[in-house]
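A quick write-up on the structure given underneath.
Note that the chains are named A, B, C and D in the order they appear, and that numbering of residues resets to 1 at the start of each chain.
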Amino acid sequence: MATLEHSAAAPVTDHAATSTGLPHLKLAMWLFLASDCLLFGALISTYVLYRGASTVGPYPADVFDIPYTSVSSFVLLASSLTMVLALAAIQRGDVGRSRVWLLATALLGMTFLGGQVYEFTSFVREGLTLKTNVFGTSFYVLTGFHGTHVAVGVLMLLTVFTLSFAGKINQDSSMTVELVGLYWHFVDIVWIVIFTVVYLIPTGSPAGG
Amino acid sequence: MASVSVPAERPGGLLRRPHATTGFWAWFTTVDHKKIGILYGITAFAFFLIGGTEALLIRVQLARPDQTFLDAAVYNELFTMHGITMVFLVVMPLSAAFFNYLLPLMIGARDVVFPRLNAFSYWAFLFAGLFIYSSWFLGGAPNGGWFGYAPNSVIDPTRGMTFYAIGLLIAGIASTVSAVNLAVTVLNMRAPGMTLFRMPVFVWMGLVVQLLLAFSLPVITIGLVELLFDRLFGTHFFDVSAGGSPVLWQHLFWLFGHPEVYILVLPAMGIVSEILPVFARKPLFGYQFVVFSGIAIGFIGFGVWAHHMFAVGLGPVANTAFAVSTMIIAIPTGVKIFNWLGTLWNGDIRFTTPMLFSIGFIAMFVIGGLSGVMHAVVPSDYQQTDTYFIVAHFHYVLFGGAIFGLFGGMYYWWPKVFGRMLSETAGKLNFWLMLIGFNMTFGPMHILGLQGMPRRIQSYPESLGLAFWNMVSTIGSFVIAISVLVFLVNAVASFRKPKQMEADPWDARTLEWATSSPPPEYNFEEIPVVHSRDDLWHRKYAETEGGRVVPVAAGGSGEGTYPDGAGHAAQDGAGHAGGHAIHMPSPSYFPVIAAAGLPVLGYGLLFGVPAVAVGLVITLAGFFGWALEPSAE
Amino acid sequence: MAETRVDDPGPRSAPAPHAGRHPGPKEYIRIAIILGAITAAEVAVYYIEGAREFLIPILFFFSFVKFALVVLWFMHLRFDSRTYARFFVMGLAGAVTLFLIVLLTFQVFSS
Amino acid sequence: MRRRTVVVLGLVALALVAAACAPNATQSALEPKGPEAQKSYDLFVPVFWVAVVIFFVVEGLLVLFVIRYRHRKNATRIPPQVHGNTRLEIAWTILPAVILAGVAVPTIATIWDLAAKPTGDILEVNVLGHQWWWEFDYPDQQILTANELHIPTGKPVYLTLCAVGFGYGAPVPSEGGPPAPSACQGPPDQPPPAAIGASVIHSFWVPELAGTQDVVPNQTNHLTIQADVPGVYEGQCKEFCGLSHTYMKFTVVAHTPDDFQRWVAEQQAPTPVPEPGSDAAAGLEVFLSRLPSGGGCTDCHAIAGIEGPNGQPILNNGGPNLTHLMSRQCFRGCTLATTDANLRRWMEDPSAIEAGSFMPDYGLSAEQLDQLVAFLNTLE
């Protein structure tokens, strides 16, 4: 949302000096990300509380496909790289290359989403739905929330990508790319935590927890 | 109903920004922090009247034992809506009104950092309120208490708690957005020389509150999402038969709910810290300590949530820890109170209405604070929790505290905002009626609670001997109602007077009084350069070696001495010479459009998927138009 | 609330668009390779029977390192103003401590 | 100013006086009648007085300053611009801290004291919170009753509290049969009580005997209560638990140890069989029969020693166990006296009396109602 605000901030602050010396939007974005930490904190702890509390299966161990999920993790990590490369390029003023990296990032993001959709469907086939048990409930809502964040990110990336053809994205407005980047990396680090806490750490006995 | 206001905003001349800054429709497209502040204020006050009426109905039902004036269903809806309204639709937005209007003025800025985002916050809040209230006509209002404890809030067959969840989610979006917006404004938009420790305490409290919002709202957001999913999609977050835990909801709710208490009361503390010095004619006593205690309160406020859960059975370890943290938070609170007393000490106190409300605030808040400490005494709380003793306690904090402070603020800044004075006579009547009515209503509730009257009960048997104090309380509530009517009359009457107001009627100390009343659209013709705390005061008065204070040549009469001081008293800001040079952001259709999509989406979740899509489209359209519209006209 | 110690130049200072130079593509790629390697290691550890009892600490260590690398390099916290870091740490530390306490009251870790 | 303070001070003074000697305050936290409640009270009183002292000091200073330093007509003095005083700040930071520390120590001690399970000769009772009535299960005495908790004086009563949903029936004790399992744990072959039906949070509060303890689904809580003098103590559900939360009351009846033994014996006595041909016998038929609407009393209510139409034992399924019903003074969350008129009114149309009542209206005929009342009257 902060990126969308960009144009409006300009007139008020044409005398572009800020008291802290920090750009408004970047400060706002970091504050927003800080607050988002608590959003995912709440979701992840809900999952940790419920992962082993189900009264009926399937339980995490029955459905998780670690090799598959680690591939999607790689994809998301790779997208973080392409994202910073896009930023580095635009800061050099190389709009063309930046555009390519932006598109690459968006595509990787979509690949990740596709992977998640496939994962969900296969879990459902194995009998784990939102309603099956508290594991399903907390798992789908947590990863779904993250997926939504990714989708929003993809939307922003494609918007910026399109704007770049309108010449709206250039060295001076590299801030826009940097902001989308910050958001995108945040989504990535959230996944780093989810991958460990949700997928890799084995669940105790179904009774336990 | 929210979508009703959309047609007016049809993005006809797509991407062309509206120009009008006056007239009716301009209110829908304005991005001026002052207009938005006024909108917040009016809306919040309207909800205050509604929430107050709900309270009166509750009091009538409880006036005598075994009454059947309201049936259980309606009664539960009323106390739930009263709570939701007063917390989310009155005190929060009323504080937001003051923050919106005053923060930029007090730090010497021309607007908030993201004006359109600011407008979006307001509209989202308004639509959230209308959305929640529409539930009365769409199958019943929320009825599970403002705290919506699961599983009762999940298994309730009516739609009420679904409205509650969606409505509060929308309000949450509004508050989070404005929190980020205002926090960055305070950090980044300060006038030259306005260092953090030259900022007025009200601005400090504003900053702390925005951070509290930013860090506490996400938690309740998740709680509400989980509640919503349980109600709509059959998930099991709070479903005990599937191994879910109702206590999880309590943690998520109070992790937000306790910081929320400080979100509600810190703004009033800031207001009082501005008013006392002006009418005691002394600077605030121990500025740094007031600021730091405010920060400390905000910080510790995150570590005390489970004192709402002492009786849940968390075990002695948790109860001990939270008892201690709760007692600790009393210390910075005390520091604030003593510093206010220090401000009054050896002052030259003028009993204007704002001052009366501020003194009333201190007197009442002390009572609320002391009964608060009594709850930290866990075994004693085992008896008091969920009784009217608690109701008494938090009304002394949120009414005797927050509302008294906010009323003081309204009387204090009214001339700045509307260029007209409120009648002091009516104001004093308003104050005394409210003070007496307030103590009649909530004082007896201490006794009722200890005599065994639980909260949220629709009636009580004769045998418990609760009749007398309940009657007193009910009478008191109507005295409060009268005092509010007096304010309404006073407010309306003030607009009969001509707009004739000098910049600085109170001989005040802070920057907002340095510009005309009401201020021009661009606030200051030249951004002031700040040299000290209470900068305006130091431009009017000097201290001799002897420490005697003497007016400086220019005045002390109350005329600010900045360029563009009080020159434009009578006229409208927009209309004068210097004005045209200054370039302000143009109004925009898109904030209201983007916000209008949210309630539509909400109705979709309740009544059928298509509307969800429509809502999403409206909101996204709003944001894209927003992103793409030219930054100027 | 550490942010109150925001670096606070009295008079306004023009914003330094990129305080401290950001690293270049080469360094980014190096970081990315490390991240990939760690992820591979994580998955490997998951399958090594021997590591069972140390599994959880190891996994936490790995994800912590990955988290830090992304935040410090890709998000430039290592190079940008400390103010951003203060905000972010406030949120992060807040989330971790608060929710750890919540989970502790449920005795989640005792079983 | 003076006027305001008078109001404020007056109210606080009144608060104590009025509360201390309020007429027939039968549910008052200010009249502890047993050691557990006394512990809370002994903390409340000193803390209250500390608060009162602080109140007078602070409000006193406020009033003093406000009067002493008020602006006087045509006084032109501008007060010296004092900015603060670090010594004072330190003083009024430390002083409250010390006072609070003084309060914290006994508080923490009492928290742990109250949390401990009483030792020695105690009575154990399971308390089940239903929407909207209380069920009391005496595992050792094999007694299952509702809305009236009978206890002996001078003996700690250790309560195990759990919330159960509609449809959960506490195991019915049958004389001679194997002891029924503890109701909060439920029968071994069933999931735990809380996991059955839609249970909600309640809160068990009988202020004269102890502080509050919430009754939470999927969580077993404990509370110790004790009465020193025989008497009837009023209690009430304190946590909002839905439509008829207001009417979820109960009483604790404290007997001398001997009287308590007598009560136990009464409750364990077999259910008398109504003599054939009497109204009561007809009432028993109605009780056991399938009513036109398809349902019947035995869907929810059991009576020890009375078997179903084809000899199977009746389970309590969410309704109060009716064994020795007439030995109870009240029913329906202890808000109605067990009189013929009330019983009749209740069975005729429960939801007319209790909003959202789980007890269905079976459209019983006047005759059936009379017969049922007659039958219930035999359950002494």
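In this section, a residue touches a chain if its C-beta (ideal position, glycine included) is under 8 Å from a C-beta of that chain, and two chains touch if they have at least 3 such contacts.
Here the structure is a predicted model, which means the values were calculated and not measured.
In terms of C-beta pairs in contact, which of A-C and B-C ranks higher?
A-C
By C-alpha centroid distance to the whole-protein centroid, which chain wins?
So the chain nearest the centre of the shown protein is B.
Roughly how far is subunit A from subunit C, going centre to centre by Cα mean, in whole Å?
Averaging C-alpha atoms per chain gives centres 15 Å apart.
For subunit B versus subunit C, what separation do you get between their C-alpha means, in angstrom?
Inter-chain centre distance comes to 35 Å.
Centroid of subunit C to centroid of subunit D, CA atoms only: how many Å?
Spacing between the chain centres: roughly 50 Å.
Using CA atom averages as chain centres, what separation in Å is found between subunit A and subunit B?
The separation of the two C-alpha centroids amounts to 33 Å.
Would you please write down the residue numbers of subunit A that are in contact with two or more other chains?
18-20, 22, 27, 31, 34-38, 41-42, 49, 55
Among all residues of subunit D, which ones touch two or more of the remaining chains?
191, 195, in rising order.
Residues of subunit C touching 2+ other chains?
Residues 6, 8, 12, 90-91, 94, 98, 102, 106.
Connecting every touching chain pair, does the picture come out as line, ring, star, complete or other?
Per interface graph, the chains form some other shape.
Enumerate the contact residues on subunit A facing subunit C in the complex.
Residue list for subunit A touching subunit C: 16-23, 26-27, 30-31, 33-38, 40-42, 44-45, 48-49, 52, 66-67, 70, 73-74, 77-78, 80-81, 83-85, 87-88, 91, 175, 181-182, 185-186, 188-189, 192-193, 195-197, 200-202, 204, 208-209.
Of all residues in subunit B, which touch subunit A in the complex?
Of all residues in subunit B, those touching subunit A are 31, 110-111, 113-117, 176-177, 179-181, 183-184, 187-190, 194, 214-219, 221-223, 225-226, 229, 233-237, 239, 241-245, 248, 252, 255, 583-586, 588, 623-624, 626-627, 629-632.
Residues of subunit C touching subunit A in their complex?
Residue list for subunit C touching subunit A: 6-9, 12-19, 22, 24-25, 28-29, 31-32, 35-36, 39-40, 42-43, 46, 55-56, 59-60, 62-63, 66-67, 70-71, 73-75, 80-81, 83-84, 87-88, 90-92, 94-96, 98-99, 102-103, 106, 108, 111.
Which of the residues in subunit D come into contact with subunit B in the complex?
Its residues touching subunit B are 1, 3-5, 7-8, 11-12, 14-15, 18-19, 22-30, 37, 39-41, 43-44, 47-48, 51, 54-55, 58-59, 61-62, 65-66, 69-71, 75, 77-85, 88-89, 92-93, 96-97, 100, 103-104, 107-108, 110-112, 114-115, 165, 191, 194-201, 203, 205, 207, 210-214, 216-219, 221-222, 234, 236-246, 335, 355-356.
For the complex, give me every residue of subunit C touching subunit B.
Residues of subunit C touching subunit B: 1, 3-4, 6, 8, 10-12, 90-91, 94, 98, 102, 105-106.
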